[in-house]
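Note that the chains take the letters A, B, C and D in the order they are written out, and that residue 1 is the start of every chain.
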């Protein structure tokens, strides 16, 4: 691949890194993407508020491949002395969406510079608000992004993998990432007379301990799944009986059946506490990003094309994870695959995790990233 | 007091100790009591199957005082080399009812020998089956024992107190001693697939752990009360999901309100488990002996008379206990007091607890026991 | 009793009600008390910062009786339209210490006006900071208040009893009121990967549920005792594994043995969680006000004198309570009694609980309050 | 395939079904297998006590394929009116090992009758005691069965799949099936005085409820795993504090890391209970059959050959299961695959589960079963 494409991609990545914007507020980012695509001779279109897409049309009719970048940054204060550090204090591309955006622009430039030497169409799209559920993907789809698209491809930078590696996995690679909110209402009183009230802290604690059985007895023990209470808050003073505790948590599942089962069983548990202790409760279960299910065949293509470019040793099968990604919405509609591009480099000291204030990537991974996207897209068009 | 009374009491105690009989099977015991009372010139009457009572009538009209002995033994094999050890293998007066019977016979002999020198009437009664709920007291009362009785007195030997001591306490001195039986019905399956069934062992365990909150959150924290699960049994094999667990336990309370509250809350807990886990259950709560509530004034008399006989230092206030005694039924109907006669003697090696196979009493306590019974009865007749 | 004394007591109560001051900041209150006592011809002395005491010396030698008032108010905003409502916004005599102070001043005036017609000495004392542990009593004692005192008497207004009633109880009438603070330190991570961290919310919940067994299995089931977790707070976000939970609670016991046992067992429970889950923890157990143990004989005198003044029907035995009162410190040193003066009046709409913003008293109770204090003190001087 | 082979297989299956023998007591079974193999002109060898193996040697040198049958029956009383029902009352081929044995004999006959028309060697082996851990496979291996073997194949009848279907799965298809035994030792006493002892039933219940967190917090939430307590037994009488509870259970994992983690964490939990409650305990964790890990490539061959014989629609991917199979020991040593042969038939009323007294198979499945074994073995020899 032409070094100019690599340099362009790095340049773009740095531009976006310096100018991060929060979810659905990617105004300048959108402007930049539009201007870059136009300068390549493409006809980019605004979508989903701050999103963009553009079709790169080949020589003959054929399939349409969607290639996705997400473009938003996080409310993180960068702790980094790089020349290209964030100029927008308190906002940072700590999850690498700058790289995603840059690589899809790099892919666009590559395709155009090669003379669009393929059959069919490659639709590059730049989605806002991946970090903020309900996320930008839903809106992209509602506004028609996937119309006429055959397959979708997503590539994500990953600090768990060394730069130059590709991680792939068939089947479920994330989880249904749902949120629940519980309020337990007891009855206050003096701490020395619990019999005069209903102790909401005891009830909440029994909720948390019993919740373990939802995972360990009720969900299928062969299913990947996690239920975590992330926050618990209640009470006024050491000697006052708490009348109210607020809890919130996350439920991760990979099947719709498990998701529904968990939702229902948490409610059953709350009903049980009501029967036992006489509490009342509020319970809200909010559906978040759905599980990403990678297509077996397309994952095979990811694997094969990656091997051709970077060699068998650096293409590895990753484990099942229970994270959330709104690329799952695209995969509910179209066949496709979401895979990982290693970007850490121990020798260069680039080891910080995604989402941390020290996060950075080894830019040497960007060139291969563009090449792999290019190869997969072309192969899918055959 | 005449030494002959003491000797008689010891002789009687040894007779009964050698010839123990189980609850409601005190046939020879009844015969012996009848024969002894007749030989004193009294007119004993059979009651409650194997029970006896007799009235010792004073010179003038007056009140009627009931003095109770219980007469049954326990299914315990005596481990003891005394000459008077049990001749009825496997049955033993391990709770001292032999002494109770002997002392009330001793009292009868004393009253007769003194010429019934009092106003009113002393009704001595010998109750079967104190050790076997529902107990003999209920039947004694049903058959009219308490008709015309003004006050009731009960004296119990106690290995916790040294011989020659009296223990007294006003108000509640035992507990409502109720029993519950719970069967938890889940659904069987293979242990490797808990999701395919309903794990009765988990449900039963959650029952036991949550039951602690019935005591610690729901019953009044100032009330004496205890809830204990005494047995738990369930399951077939290490790798088979248990469909059924059986539990039994005891609930001890001192107020009717707490008793009802505990009964209802255990049911609420089971309902809660049903809502949460989908188990079904059976629940039986059986009322046992009621709390004994000693009358303040009569307890004062017990104290005062005991002090006169054995001196202030040896008359001590005992703690609240949560044991069960069917003397509680008499105290539901009549004012009275139940108090303790110390019978252990460290120097003589008489230290074993009531109900143990090594239990014995220091017979030197029997004389004072008769004297105190005599003094209290006379004082109540004034 | 002279109506002037009643009027004076009411006037004083209103003065203090209008001018409430927080614990250890009772500066004006102290001035007023000093000035009133001086105007009676007494020689009041400052003590414990904002406290006062004065000796009223009878005609002949004799015992010394300490009569206590507490003088501080609460950080409560009064919700009340009475003419004498608090002028110190946000501070209120919501626990009736205004009445306590006024009645002890009323008693002083009465004793002086009667010509100190008794043998011995009555030491009236006005203690700061009852509402704020470690409280003012400790300092009063340290500064010698109890030197030469034989018995102490405390009277507390009570919204649970109707005006004109006296509530008494022998033995323990409050509890050792101790506070514990627990921090559970786990290890953070993503909520979808609990295996990567140590879930502090689960650990804290297991702490709370298991704590019930400390009350229900380990402390004596016949002991009044309560353990309540009053606050629980931890976590950051629904999908983040919480690394830290803070809890605080109260432990109420009536024996030193139970207090020590509870303190130790909470630590054992935390050690257990450490062994099981690998958490670390901080644990602080702060001793608060000790149990008040009323002397049997002096409580009898309270009862008898109260009956003489207000009649048998209105003098009732109250239940054991597990509240905290720093009068317990005086009772650790001297024999005495703490009893309750009813001050609610349903007909007048005076029903709000102590400590509530609507709290008020029926001032008709103040006269009898002074009379009973007077009678008890005199009787103890005989 | 020749119908004679099918008829022979059915005849053999019925013979073994009528003459079931328990684990390591398969004496007649061994005799029958030896005699059948000899009558085919083979040289069978006794191994592992009651096991047998024989090599069927092809025309040229090549690989060696091991084909396994297990031969033991279960202590189940057959509830079935078939002509070939068990003649050995109380023992039954309720798991289909009769069919396994018959099909491997059928395969042998087929290979011989075809003239051993292949390169290399097919080692048929008949293993005792699959149903009774530690199982017969360990001994077969110890005695050299796998020497010179390249791949191993196992086929199991399955009532969950219709007759004529094959179920396959790559990777883990069973679980490490370990057993634990726990004794919790508390201290007895009276049920009304839990403070006088250590309640082993409470401790055991807290063990069971807390164990859920080992699955739900500590093991990887993406790992298939199950922990079940299968039996719990303790206590003497409803009102006696239990001093001892016995528990047993199963732990199912698919990685060695999870297995070790579960083993260690159960111990940590018991240590935690010791710290908290002062119990002592015994804990035994017995390693059972290891997870079967099917080789990806060989599973592909199973799939492909099965498709050729019975068509794509009837060859289905099965779910991960957490059962135990001692074929796992062979797969620890050699590459291979273990797959399932459907044998239920709703139309014929053959629906009972493996291990039930009504279990039966549709014998129409036996022919295809032999054919698939044949095809896979031949393919692996190429």
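Just so it is clear, contacts are C-beta pairs under 8 Å (C-beta built on N, C-alpha and C of every residue); 3 or more make two chains touch, one makes a residue touch a chain.
This is a predicted model, so every value here is computed, not measured.
Seen from the Cα centre of chain D, the chain whose own Cα centre is farthest off is C. Interface note: chain B and chain C, two copies of one sequence, contact each other through mostly matching residue numbers (shared numbers exceed half of all numbers used). Remark: among chain pairs A-C and A-B, A-C carries the greater number of C-beta contacts.
If you average the CA atoms of chain B and of chain C, the two centres end up 41 Å from each other.
With each centre defined as the average position of its C-alpha atoms, the distance from chain A to chain C rounds to 57 Å.
Chain A and chain B have Cα centroids lying 70 Å from one another.
Under the contact definition stated at the top, the residues of chain D that touch 2 or more other chains are 192-194, 199, 202, 206, 209-210, 212-213, 216-217, 221, 226, 252, 321-322.
Listing the residues of chain D that touch chain C in their complex gives 192-195, 199, 202, 206, 210, 213, 216-221, 268-269, 271-278. By the touch criterion given at the top, residues 209-217, 221-227, 252, 319-322 of chain A touch chain D in their complex.
Chain B contributes residues 175, 177, 179-181, 190-194, 199, 201-202, 204-209, 212, 226, 228-242, 245, 248-250, 252, 321-324 to its touches with chain D in the complex.
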